[in-house]
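The chains carry the letters A, B, C, D and E, assigned in the order they are written, with residues numbered from 1 in each.
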Amino acid sequence: MELFLYTALFSPLVGSLFAALFGASKKTKIAGIVPSALLGLSLISSFILLILVFSTGLSVHVEMMTWMATGDLYIPFGFVVDQVSVVMMMVVTLVSTVVHVYAIGYMDHDKGFNRFFSYLSAFVFSMMILVMSDNFAGLFIGWEGVGLCSWLLIGFWYHKESASWAANEAFIMNRIADLGMLIGIFLVYWNTGTLQYKEAFAVMPSLDKDILTWIGIFLFVGAMGKSAQFPLHTWLADAMEGPTPVSALIHAATMVTAGVYLVVRANPLYDLIPAIGVFIASLGAFVALFAASMALVNRDMKRVIAYSTLSQLGYMFAAAGLGAYWVALFHLMAHAFFKALLFLGAGNVMHAMHDELDPFKMGGLGKVMKGTFVMMTIASVALAGIFPLAGFFSKDLILEVAFVEHHFIIYTVLLLTAGLTAFYSFRLVALIFHGEDRYKHFGIHPHEAYKFMLVAMSPLLVLAIIAGAFKMGYFGMVTHILPATEYHVHSAATYWIMTIGTQLFVIGAIAYAYKKYTSKDIKVPDGTSKMENSFAYKLLINQYYIPYFYENYLVKPYRELSEIFWTKIDQKVVDATVDGIANVFYQTGDRTRVMQSGNLSTMLLSGLGV
Amino acid sequence: MFEAIAFYLFAFLTITMFYIAVTTSQALHALTALAAGMIFISAFFFILGADFLGAIQIVVYSGAVMALYAFGMMFFDTTREVKEKQGNKYIIFGLSVLAAVLIVVIFSAPMVAQNIGGQNPILENAGNVQQVGMVLFTKYLVPFEVAAVMLLVAMIAGIVLAGKKMDLSLTLMSEEDIKVLKEENTKKAHS
Amino acid sequence: MLDHILSILIFFPALAGVLGFVVNKDSIRSYGVAVATIEFALSLWLWAAFDSSVSGMQFMENIALVPAFGVNYIVGIDGISLFIIVLAAFFTMIGIASLSPTKNEKNMIVTLLFLQMTMVGVFAALDAIVFYVFWELSLVPMLYIIGAWGGPLRIYASVKFFLYTFAGSLVMLVGMLFMAYFYYQATGEWSFAILDWYRLILPESFQKWLFVAFFLGFAIKVPMFPFHTWLPYAHGQAPTIGSVILAAILLKMGTYAFIRFSLPLFPDASVYFMYPIAVISIIMIIYTAMVAYAQKDIKQVVAYSSVSHMGVIVLGTFALNVEGITGSIFLMIAHGVVSGALFLLVGVIYDRRHTKYMSEFGGLAHVMPRYATIFGLMLMASVGLPLTINFVGEFLSLLGFYKQSHILTLLAGTAIIVGAIYMLAAYKKMFFGVVTKDENKHLKDVNKRELVALIPLAIITVWLGIYPKPLLEPINNSVEAVVSLMHEKSISEEAKLRIPNVATELKILNNTAEETH
Amino acid sequence: MLSPINVSFESLNLATLVPMIIPIVGALLILIIDLFKSEQHKSLFVMLSLLVLGVDFVALMDSAGIFTKNGTITGVFDMMLIDGLALLSQFIIVGASLLFIPLALTHKRFHEFSYPEFFALFLFMIAGFQFMVATDNLILIFVGLETASLALYTLIAMHNRDKSFEAAVKYFTMGALAAGFYSFGAMVFYAVSGSVEINEIAQVLKANNYEDIGFVLVGVVFLLASFGFKLSMVPFHTWTPDVYEGSSAALAGYMSIVPKIAAFVVAMRIFEFLIHSGVVWLEVILYIGVVVTMTMANIWALVQTDVKRMLAYSSISHAGFVMAAILIGTTQSNSALFLYWILFSFTNLGSFSMLWISRQKNLPAHQQSDHSYDKFAGMIKTAPVAATIMGLFMLSLAGVPPFALFWGKMYMISSAVTGGYTVLALIMALNSAIAGYYYLKLIVYMFMRDPVVENSGHVYVANATLPLKTIIGIAAVGTIFAFVAVNQLLELVTVFVYNSGY
Amino acid sequence: MEIGLNHYLVLSVILFAIGLIGVMRRKNLLMLFFATEILLNSVNIAFAAISHYYNDLAGQMFAFFVIAIAASEVAVGLGLLIVWHKKHNNINLDEMSTMRG
């Protein structure tokens, strides 16, 4: 079994290194194919492991070697494949494989083709470490590793100022959160004496509540960064500067869910501190609504999807925070499938539209790009949570959880968000694929993507549709280690009312979106319409002025403060003091050297102290 | 009483003379005043019973030193009035204060060590010169000899510096010039 | 030969340097590389022969120098010093090997060899005066390197470097003399042997004063805020090789000295001054990182980043527990490798463009992809990405210090944020974007000579990041010895509390481990 | 009537005079040779002086042997006092002279060496200094001092340049004033104690418990002033830079060592008991003197543009540094003084000799003074060996280990620490740091700047001959390998000082 | 009106001060040397007096040697002045400041 584990873990690394070999040379297909194949291998291994874990209920645990050992600290490179991590492994390898294959087509014309695959595989490797590690330190390796790869990939088109800026933003923001994570790890170590999940969680119940609370808070801060929770969310939208497969893989399916994974992984901890859980859930709900609201008006296709991702992450946190870890994980999985699909579809559209992102400039693409149209529509339906697609099973479950746990505010928020989700998803679909062929005004001749790209997407499509079917099997498996709370509304009537009500609400939202955005008089907004001048619109399109706030009240002051530190303090105070001291001596000498006039009389006088 | 009168008289005279010596602008006056002051000082020596010192003082200072100075004065042609730019007057003032302070110190703390027995006690029944000779050639033999060396040094120094040896710089002269110079010297020596 | 390997390591380069004067100008580079390689091989041999299970000193040599005054030539190494010596030998080797052609190559190489002597000497010395001798002597070749081959402000920079350090270390000398005097009072014998001093338990007030005296010398060398201003000048003006060695090895002398002198000699004072020093470290970390962010010159960025990282090292040292100290020693090596590499990288571009202003570049990733890759790797190592060498050190240092203070560690932890900010900004300015300047359009990528230096460093960076055990283990053993010594020696209650009792803790740990199994 | 005095010949201990008589005889010999056969080449006199001094050195070793066996010896009616201090300082005096005298054998011709009187005066001067240190009688000290000083004024003037005359006159005038101060100070002590011998003065003062403290202070001030002139302590230092600049570099180097050690020994004899008297004012006066001297001299040295002047100020500073030993007044500090001075002689003579071999007869247009910093710019390129050696001396002067002076500095600071003068120790340390700057400045010029005017490098060694190179070599070896000898020196010095009761 | 030691000492101090004043204000080197003679002479009086009152010869010895020293100094001093005068035709010490700083 260890063989499969290592295969699953290391084949992406091998793929990455392989592609890296061609890093500086000309684009070569093989640099894309080999990593993809290796990822396939990893997928197969993961699948075998899944089957194993699923069937036997055992988990595979290996310790490869010691990483750090000093004093009482002992950190091995240990990997564990248990019910939780295997789910993540499946998600990661599956989506990655799809994205890899897709990217062979998508990045076809890009000069950095080889480099791209190297980065992408490296990302998968980091992600695998993240999910498979059996200790916090290993998790942190993956955590930072995915951050690095995300930086590389967001800034893949480094010649674009915005891309490199976004990459740095993402990295730094993640770093802020990572600090919290690091502190959390320190806390774990000094209070439990180990960083191994198993031992650490075993000790935790005996620890002081305050300490646990702090641990919970700091670890969650880490999660907030990776999962782009408020207020560290701005990087995610900006991260859309990266190539679309990257957005699909990293900024939708896998990396951003690492935070959720962390909370799920640390469930024994969060179980002990329900107050923090509620906070997490509340924040999640808030982010869900908050992000969805921004998605309503955004005019950048990818950003809309990014906000939607953000919103869905909010759902996951809401679930995890309320103790429904398995639900969170389930939504994570389902979301990975349809969101990746959505992104890849968006990628096709972008390709077709020559990197045009404004859906108002598209319209009617459904005729040209049938496959993409279908896929994106289904993905959107899944996202909206329409029965029987994946989204329904996972998202409705979260609503139920909120309801059952009597967090009605959270429930209401999430419900509202579900409607918004449906609205903006179909706003997008409507704007892109229906209506007038507005793109013609811009002289673009869209075309469908490569066949194999669509084929590559198809597994996701299938899963987006049927993932809900795995629910029971999944439940049975993960509850080996996650709290097996089932969430059932007490009366069947309530249940049905709720479910159908939700469905109707969502469908209504979809219908409204369709109605509103398929109409013929949709024009490319030019900033003159009444709506565009309304306060709400401005607030939303400017993302609640948060980036503006960050730029003006954090980044700029930091830059200015740095400048002041350097020019004013370092040079004018610290260094000037040092030079000043030296100068005092020198000047004293220079001033008093006239005493040595060379005149004997003065000399004699000085001899008398006069 | 006689001692007191003599002391004050000579004290007044020496102070006056020396004061003239340091303040007058006439070099000749200064020299004369200095010589006179030296002689008056010898009077103190006689009063104090240091006859030998008194004699030496007159011989060495008034004889040798003053003669040298007189010679020097003529050489330097400073017989005319010497114009000296003066620095600030505070110097003199400051020094006067200093002197005054010292005097006060000395008056306010009269010597206590009156009973100190000397190492080389002055004997009642011997002449000062004899006693000095005795001490000088026993205890102070070495300083005496060193003083002889010192005088030799001074002599050599005087000859070297004031003689012709320093007139030309051998450092800067060329080899040929030096050769010529040497020949001249040998010629002179022979003639 | 193994009995005298340390002396050989110290004096071989110096001797070779003297002989180097005879070597012909055209062959001097090969000569230098050969000598440095032999030296490096010797240092590897030393490592191989080193018994990592022993926590005490090894390869001790003791030759009387001024026995009347207790000054003896005592050298020896333990896990703390071993690797810095190896690193010094390594950097001299690759430094000479990758030396770009300069004027007066011969003088440069001879100077480097002398410098190597002093570097190895400092870390091997076990007698305070011998330590001081090498400590001071190391200034001289560095002065020459900066002053003779540096930039336009080289003279100012070199003199500043020399005098600043010199002044600090003189105060330290006074401290050493005091220490010897206390030893004399206690035992009636003069001794400057550090191991003798270890046995001395000083009253707290003395400890504090002496600590301050030593601290001044070390702090300037490190350099700690606010004594750091010589460093940017020195780095900014020094030739590449000078910066590399300065950053990689010379700065480590200060932090090494903290561990060798301050901690074991003055445990109570160390505890007493822990918070102030931690605050200074944090200022170093954040403040200098911000200053680095404001720089226009890439070399200055790296220089200030050095200060920032040294802050973490100092912080780790004053964690006063095994984790922190081990981490800080490891970070010394890590920072040596990484900042050395970064300076080499800056040198690469400087050789091509003769400017270090970031505004002159842009889009280099396109023109020099290999260069950009290696730079990127080192950049990531510098910001402390896991699985690179720096992370291990930073993690352990911060982890260690967390035991002492949570809030301060949180502040110090911002190192990973602020570090990322300036580094990424610099990288972006230089490598991202489009190539705007014509001069940059046809820059050659790194050549073989440069790769000779960079590739090994890259390998080490990753290798030790993944598998730090070969270093951590010996370091750990020696550090445990230091910490238990500190615990035993400490007088005050607080110190006993702050400095863990390694021996008993281990026992406790074993017990709990048994229970859990 | 005076009774005849019977003195046994043995009790005279005439052997104590031997080391002083040897140079006197040598000087007379030189004068006689000149009388009989003039126009001899200077090398004859150099070698003769060398031999005489060599013999003197051996005689000193003999005395030292006796001292180690029997302890302090007095002789010739207790006028001579041969104790450890006397021996050590004589070793330094004669040793430094041995190193100095071959410097006359320059490649270029210089005025003073053409005259045998120079060498005669030189030997007389040595004798004078030897007398000065080998007695505790204020009279003999005075006479010895004046003998030496008068000879020295002449030696300076014999360089026969405008500047050297000016230097000599300045030195002379200051010396005359110092002589006045000395005699006044001695008078005061004589007045309070009735004796002119230091140990008796000490006894008397102790017996009456420093009742006349006012007088004592006046006496101390005057004596301190007079020794201040000789040791060039601030503010009595003013002559020093001018005199050093005016005299030849070799002689300046010599002056920075020999007259000072003689003065130090006397100062040590006089102030030692005063410091231990417990009178705070004495200590304060000396403390201020020491600190001001080393600090101010350092500060002035910073701003010099001429290397020789810089070295002049630097030697003032070193003197102040060493004066601290007298202030501290422990056996360790007094030993440190000698150790320091021995090591200092090597280095300082070496560095002045380096200036000496680069001495030009005429100043080139671009040069401000004989040894302006500019002259040495870029020396490493044209005369690397000379530059390296010069750099070495500078480092040693700055106190960079392991070169000679470091050991002296270390031991001196240690003695301050041990003696309880912590602040003083710190001031000393910081002064060393300040001093670093101007030594470094020369190194900067030599190693890091480009030459002002292109030269072949010959200018730096134009004056060199084998003997000069040998001397510099000895100084360099002494400077580098001092650490080998420090232990022996230290032990020797400590034993000598300790056994002399200091 | 007994004349005691103190009287002589005071006289000595006064003369010494006069000598110092001379040293300070004289610009003519020859006359400056006069002043240094005064310094030494003033001390001599004190020595002789102390010697007398202490009944000790050492003071007289000191004075004797001081006289000898003074004489030697004159010789050397004049020699130096002559050399200087030969080269510069003056003995004004204000002219004598080529070296400074």
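Note that in this section a residue touches a chain if its C-beta (ideal position, glycine included) is under 8 Å from a C-beta of that chain, and two chains touch if they have at least 3 such contacts.
Everything numeric here is computed off the predicted structure, so don't read it as measured data.
In the absence of subunit B, grouping the other chains by touching gives one piece.
If you take subunit C and subunit D together, the chains in touch with both are A.
Of the two chain pairs examined here, D-E and A-D, the one linked by more C-beta pairs in contact is D-E.
Of all chains present, the one whose mean CA position sits nearest the global mean of protein CA atoms is C. Distance between subunit C and subunit E, defined via averaged C-alpha coordinates, is recorded as 65 Å. With each centre defined as the average position of its C-alpha atoms, the distance from subunit A to subunit E rounds to 97 Å. We define each chain's centre as the mean of its Cα atoms; on that basis subunit A and subunit B are separated by 101 Å. Between the CA-based centres of subunit B and subunit E the separation comes to 6 Å, rounded to the whole angstrom. Counting partners per residue, subunit A has 582, 593, 596, 598, 600-601, 604-605, 608, 610 as the residues that reach two or more other chains.
Touching of two or more other chains is recorded for residues 87, 91, 95, 98, 102, 106, 111, 113, 116-119, 131, 139-140, 143, 147, 150, 153-154, 157, 159-161, 166 of subunit B. Residue positions of subunit C with contacts to 2 or more other chains are 163.
The part of subunit D that touches subunit B in the complex is made up of residues 1-2, 5, 7, 17, 24, 31, 39, 76-80, 108-111, 114-115, 117, 120-121, 124-125, 127-128, 131, 135, 137, 139-140, 143-144, 146-147, 150-151, 153-154, 157-161, 191-195, 197, 200, 204, 208, 211-212, 214-215, 218, 361-362. Residue ranges of subunit D in contact with subunit A, taken from their complex: 169-170, 173-174, 177, 225, 228-229, 235-236, 238-239, 241-242, 296, 298-303, 434, 437. Looking at the complex, you find that subunit A touches subunit D at residues 582, 585-586, 588-590, 592-593, 595-596, 598, 600, 602-604, 606-607, 609.
Those residues of subunit E that touch subunit B in the complex are listed here as 1-11, 13-22, 24-28, 30-31, 33-35, 37-38, 41, 44-45, 48-49, 51-58, 60-61, 63-65, 67-76, 78-83, 85-86, 91, 94. Taken in their complex, subunit B has these residues touching subunit D: 102, 105-106, 108-109, 111-113, 116-119, 123, 125-126, 130-131, 134, 138-143, 146-147, 149-150, 152-154, 156-157, 159-161, 165-166, 169-172, 178, 182, 185-186.
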